[in-house]
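Labels run A, B, C and D following the written order; every chain starts at residue 1.
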Amino acid sequence: MNTFDYIYLVPLIPLLMFLFLGFTAKRIKEPISGYLGTAGLLAVFILSYYTAYRYFFVDGIVDGKFQQIRVMVKEGWIHFTDKLAIDIGIIIDPISVMMLVVVSTVSLMVHIYSLGYMHKDTGFSRFYAYLSLFTFSMLGLVLASNLFLIYIFWELVGVSSYLLIGFYFEKPSAVSASKKAFIVTRFADMFFLIGILMVGYFGQSFDFMTLNSDSTISMINSWIQNHQIFSFLGLSIFTYALIFVFIGGMGKSAMFPLHIWLPDAMEGPTPVSALIHAATMVVAGVYLVARLFPLYYHIEGGAALRFVAIVGTFSALFAAIIALTQEDIKRVLAFSTMSQIGYMMMALGVSGFDEHEGLGYMAGMFHLFTHAMFKALLFLVAGAVIHAVHSNFMDKMGGLHKHMPISSWTFLIAALAISGIPPFAGFFSKDEILTAAFEYNKVIWFVGFLVAGMTAFYMFRLYFRIFHHKNTEYEHPPHEAPWNMSFALIFLAVMTMAVGFISFSEYVSADLKPFHSHIHWGDPLVIGSILIALTGIGAAYLMYYKQTEYPAKVASGFGKVYHWTKNKFYMDELYLFVTHKIIFDKISKPIAWFDRNVIDGFMNLLGVTTENLSERIKFIQSGRLQDYAMYFVSGVVAIVMIIIYFR
Amino acid sequence: MDILTLFIVVPVLTVIVLLFVNKLEKARLIALAGMIIQLIMSINLINEYMKARAAGDHAIMLFERNVPWYSDFNANYHIGVDGVSVLMILLTTLIVIAGIFVSWKIDYMPKEFFISLIVLASGVYGFFISLDLFTMFVFYEIAVIPMYLLIGIWGSGPREYAAMKLTLMLMGASALLLVSLFGIYYYSGTNGMEPTFDLMELANRKMDFAAQKIFYPLAFIGFGTIGALFPFHTWSPDGHASAPTAVSMLHAGVLMKLGGYGIFRFIMFLMPEGALFWQDFFLILAVTGVTYGAMAAIQQTDLKYINAYSSVSHLGLVLFALLMINKTAWNGAMLQSLSHGFITALFFALIGMIYGRTHVRDITKMTGMMRIVPFLGVAYVIAALANLGLPGFSGFVAEMNIFMGGFLNNDLYKQAMTVFAVSSIVVTAVYMLRLVGRMLYGPVTTVYTNLPKAFWYEKVAIGILVLFITLIGTLPFWWLQFIQESVDNFIKPLVH
Amino acid sequence: MIEGVSLFEILSLTTILFFIGVYGFLTRTNLIAMLMSLELMVNAEAVNFVAINKYLSPAILQGQVFSLFIIALAAAETALALAIILHLYRLTENIDVKEVKQLKY
Amino acid sequence: MDMQNLLLMRDEIVLTAILLLMLVAEIIIPQKHKKSLVHFGLILFLIYTIQSFFPQNTGELFGGSYKTYALAHFFKAVLAVGVMTILLQSVEWIEQKLLPYDFTAEFFILIFSSLLGLNFMISAGDFLMFYLGLELSTMPIIALSAFDFYNHRSVEAGIKYVMLASVSSAILLFGVSLIYATTGSIYFEAISGAMHLPLLEIIGLIMIFIGIGFKISLVPFHFWAADVYEGAPTVISNYLSVISKGAAVYVLMTLLFVTFTAFQKEWDYIMYGIAILTMFIGNLFALRQKNMKRFLAFSSVAQAGFILLALLSHDELGVKAIIFFLLIYIFSNVAAFGVVHLISLKAGTENMDDYNGLYQTNPRLSLILMIALFSLAGIPPVAGFFAKFFLYSAAASKGYYLLVFIAVVNVTISLYYYLLPVRAAFLRKSENPIPSIKSDFYSKISFIFIMVGLLVLGLYSGVLEYISQMSNIF
């Protein structure tokens, strides 16, 4: 299979672009650097789509099963043992190709969009350098053929996200936000790393194809059978390994309770939020689980997978509730992202493995795909709005529909899509998720169902309050975004409308065998999900289309709950308490004190005692002749005594 | 004159030449010239080495030379190199060169400064090439003692106190080492054989287990002290804080590596049973050092203290890896020695440069340096990222080897210890980013707005170090090929 | 060889003499007195040698020769000491040993 | 008893001869040319030194009361070299302090006779010779240490020294008499043949060894050392600290290793304790000192403690180690004292605090001081390190690891105070440092010689091998 040998170019181009822009950031000025970056991305874009075409339609499928193709770039980049090694390789299979398409599309759009958005920004070139860095890392992440390699790119996307969130590094809030994002994800990555070590130790390989192979799985399962002792709370140590790996994913994908960095991450430039914190990086967790899906599904009857399902479901609900009350539009979008990713996790969690059983898996991937499109779109529109209004807060907005129609229409499309209104993309994926959940567990299904309604509600709350609601007086009237921004918006809107009709299950499935799934329009589930969405929209319309007193009423009606949600259930405060009050003050400070005073003090004490001693005994040398003679004689006597005694 | 002895002769000649000049301009040029020669020789050495290996020379040590010195003590001038020492020599050379560039404008007693610096370096070279315990010890002490003058004369803050403390603690440690050297020596003399100091000879003789139990910890602590083993690390924060830039670089970059190297090359190799006997105990110390150093670093506000503690943490990893007796971990240990050498040298270089501009080392007192001195700022961010183990930089590959190696031990205790050590990567991230956020980012401190940008010589120094940090980080296999074969030879006595 | 007197008696005498000397040296504060007690010790040894020689190995005269030398050297020592003491006296109008303690600690 | 045999004691004869020549010269040289006496004395001693290196056949004289052998001869040569360097350093002092009083010749005569005494002591074959040598070596030095007239300290030093020395020699004599009583002989061979260690004999031996220990200034018999060193003229302190101490160590070694071998076991216990005591006391007292001479005095007390380590191994290794150490110790201490002497002579201060910023004004002197102190502390590549290393290994070879450990701990302590003058000279700065000192030709020579010695002796192993050829004295 050497038809994909060119594939290494896909991550390579952005890398070179990053190095070039990074070293010349001082000299090359706007807009050349921007054009360069975009050109590079365009190349990547074309390559990715070509790859997708080649894979899905020409030579990907062999006797009814999609092949997993591995293109080795550097064998044995690090050899741990002869079995365990970090090989730099590229894996090509449905999900990686699918992610390739997602990343390149969104990234390209963001590049184009930023030409306008970052116009006249001092760090223009730096911005594009960072974007290239991120794109490189993200592409590397999706293409990595090796668990450890994925960890490497995992860290790299983490750092590029850090750099981009802290892009306006003179703004303290941005700095602290970037720091928070990096450290929280780093904390998750620690578990990820430990998980990797355990997987490597028990699975005897880091290579995905080897790990996911039936032989490895049966080997591990038998090991678990024979080593019951290595278990805790009835789960074997290997399940914990998988859970640790998943915790890494939770960190990146902002699952509860590691989500706290995501809202703050909105400090970064909006295109960044669109690219990293909506479409690509945050779904890395989902991608990771999908990558290792066979392991998750088969080890100990999918114990780890249940954990995934629960975490996903809860996060979906939790985020949706918070999103209901936020005032900062980017935060609303952030929480909706979290909620949607929860959805995807849920989908994976409830999924079976082969044929139609694997519906959840397929749906999760599908939702990932569609969500990338419309959520990126939402963010970009939000960016355009912020660009125009110079504020993040809803109450500063309103009635923008007539000022910026394109933004308004595209936003509407995206909002409909995310609310799951046919025929927009979101509907199909979300509906399949709910179907899968229904088959798996009614409670989870119900939560998903509820979340769907909330989603519709807060999205339209957002829409109405930005574009209708009231006629705010702006000091300098907002105008439609420049062509390059609008182009991105329109393109993504088109995608949002189109992608829903891809019969996704033909291409992506848990067991790599394409199967056929279609919507039963008469199915009560489908009807139900559409209805709940409509109710949500209706409620939003009633409360926010015009300025009404309903919102205040409802808020007061909920009382305390409202405040809790508005304050994101005080999660940040909790974390602050734990880190500062406990770790810093109760652990780190004492240690520092201990080191300075006890250990160092001990060493100094030695010196001081010696000097004191020498001061104390100086009287012996009294300077009196007869004392000396006395000591002399007594010395003689003493020695004689000793000898006599010991003899 | 063989290829290795030159590494000692050239510095000595440089020193002799330096004795006859007085001006700074001349002195620094001569010092630089001498070290450039060293660099050429180091590269040539690597080249020769690879040739020899390619030619299928699988001797444990290459380019050996054995000249009887104190023949009635069987103390010989026995030298030779293997992969690790070759790399260590390269490291030393590069860091000394960087150090010379950093102290390009040193004004007070320049000649003496460069002399002591190069004397120190020559001691280090000798240590890395010597295969005889006696020779090794001589060079070790030669390497340690110039620190007193370097810190005491050119240092800052409580320099006299710091210099004295450092010297006494290191000398005390070397005293322990000395005792155990005698132990090794005389126990090799049992059953009729002449006692010997020769490493290769000693390797063939089996040391009495009872004796190993006594002398191994002495030696381990002796080397551990300079390798910042947990309770004996306390000389390093003060020492680093007071030392002049180039000295901190050389000290943290190279001198502290002597510890791990010595344990790897001499102690564990000669006293394997002792090593296994004491393994678990020292493992606790090492792991404590790892997390403890990182935790202590969080609280510091002085740049140099932050780094000193971070060094405690990262060198703790070296000892930790050495104690996880298996090949992967040992590869990691040696790689970490190199990596930490470059990274920490880069750190101290930058600290020196920033301090030279602002005359402040307290991170709470300066913000927004990124805008004022962008080059240094970017370099500092790179250093920080490398230090917290970002892929693509040297720290990552080293630590991954260490953790993997630690976890590969089929022993729950060691795996738990590994998990413990892994936790340090988070803490490292915390203090590193805290530092970057406080000092480099944020609004510009107006006092410092018109500070000079980086000078060419500073850029050269930084460039060298960053280059090698990335080289290790991106091409680990090239470096590991040197380390692996030497590790394979030296771990043999310990693994059955 | 004295009739009726055994070596033991002589030796005990000299020993007593010696320790009287030591005692004197330790207690007397006048330097001259100290010198005299020194003389006591030395003379005790001189007697020792002679007596031992006479009683144990009368054939060879090692001990007696030795004692001769002892006497001579004792004289020399005393002379030297006296000279220095005189010198001290010239400097500080007294020869009390307790005053001789400038150099200490 | 013909001339041929008499030539066995060539060293002593030559020494006596130059001593007498000095006497004659003193008489015949007219008043106005007295200055030339100094050069005359130097030349004479140079001749002696050179001849002492010529090979000499070994044997014994006077029925075994005088015997010479390769090592003894070599050691005498070493002492000669030491004295030579000291004399070179003291030239200026003589010209300043002694010429006016016309004491030049006396100084030389006394030094020579003291050295003569040491030589006799070294090659003594019986207690009589030994005792004579001892006294002959002590008394002139007593005289010399009180040589600095009208300086109360010097006189006090003299008094303390004379009194305590007499006590110690008295005790030694008592011991000798006891040995004589038990073995019926004063000849070493005879004694060692007739030894069967009754209590009396042991007490005697202890007294004898203590008499020697007094000269080596072992704790608790070291009290005179500090005071005498401080009070006496620096030249004399120098001589005391290296020459007479070295000779005493040598004698103790020979007595212990060769003559009284039966007594080794008992003595080793004591020496173990004394070694530890001496090291600690010496170091602890040295820590505090501000006066350089007193400082060096205590440091040399501590050094004596280190020497005992090697005395614990009763074999060739120990002999080697001790001789080598003494050789290098003489070099390093002479260098250190030389610097102190020069400074106290030119700048009139012996206080360590006045050394602040010495490097700025006298870089060479401070370098010499530093190297000398490093050698004393035992830091490579200076010779002292190797000397100490072999001392330890001599002790370790007998399994005294604990003692070695204590010793190295003490080295760490001693390193602290050896670094203090270095700190003063290099690290510290001062408004009015000691003005730049112009050292005279002779001390220059001696310093160059010593520095070469200190740097070469360690790295070049030939010397040790040369010693080890003749170190079989058993």
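By our rule, contacts are C-beta pairs under 8 Å (C-beta built on N, C-alpha and C of every residue); 3 or more make two chains touch, one makes a residue touch a chain.
Just so it is clear, the model here is predicted, and its values are computed rather than measured.
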Pair of chains joined by more contacts [C-beta pairs], A-C or A-B: A-B
Subunit A and subunit B: spacing of chain centres that average the CA atoms, whole Å: 37
Centre-of-Cα separation between subunit C and subunit A, whole angstrom: 98
Between subunit D and subunit C, distance of the C-alpha-averaged centres to the nearest whole Å: 27
Whole-Å gap separating subunit B and subunit C, where each centre is the average of the chain's CA atoms: 66
Sites on subunit B at which at least two other chains make contact: 168
Residues of subunit A touching at least two other chains: 607, 618, 621, 623, 625, 629, 633
Where subunit C touches two or more other chains, by residue: 22, 25, 97, 100-105
Pairs of chains in contact (touch as defined earlier), listed by label: A-B, A-C, A-D, B-D, C-D
Subunit A-facing residues of subunit D, complex: 159-160, 163-164, 167-168, 171, 199, 202-203, 206-207, 210, 214, 220-221, 223-224, 226-227, 266, 269-270, 281, 284-285, 287-288, 413, 416
Interfacial residue positions of subunit B with respect to subunit D in the complex: 69-73, 134, 138-139, 141-142, 145, 148-149, 152-153, 159-160, 163-164, 167-168, 171-172, 175-176, 178-179, 182-183, 185-186, 214
Complex interface listing, subunit A residues touching subunit C: 618-619, 621-626, 629-630, 633
Subunit A contact footprint on subunit B (complex, rising order): 165, 168-169, 231, 234-235, 237-238, 292, 295-296, 298-300, 309, 327-328, 368, 370-371, 385, 388-392, 396-397, 400-401, 403-405, 407-408, 415, 418-419, 422-423, 425-426, 429-430, 433-434, 437, 440-444, 476-477, 480, 484
Subunit D residues touching subunit C - in the complex, by the definition given at the top: 127-128, 131-132, 135, 139, 142-143, 146, 149-150, 152-153, 155-160, 162-163, 166-167, 169-171, 173-174, 176-177, 180-181, 184-186, 226-227, 230-231, 288
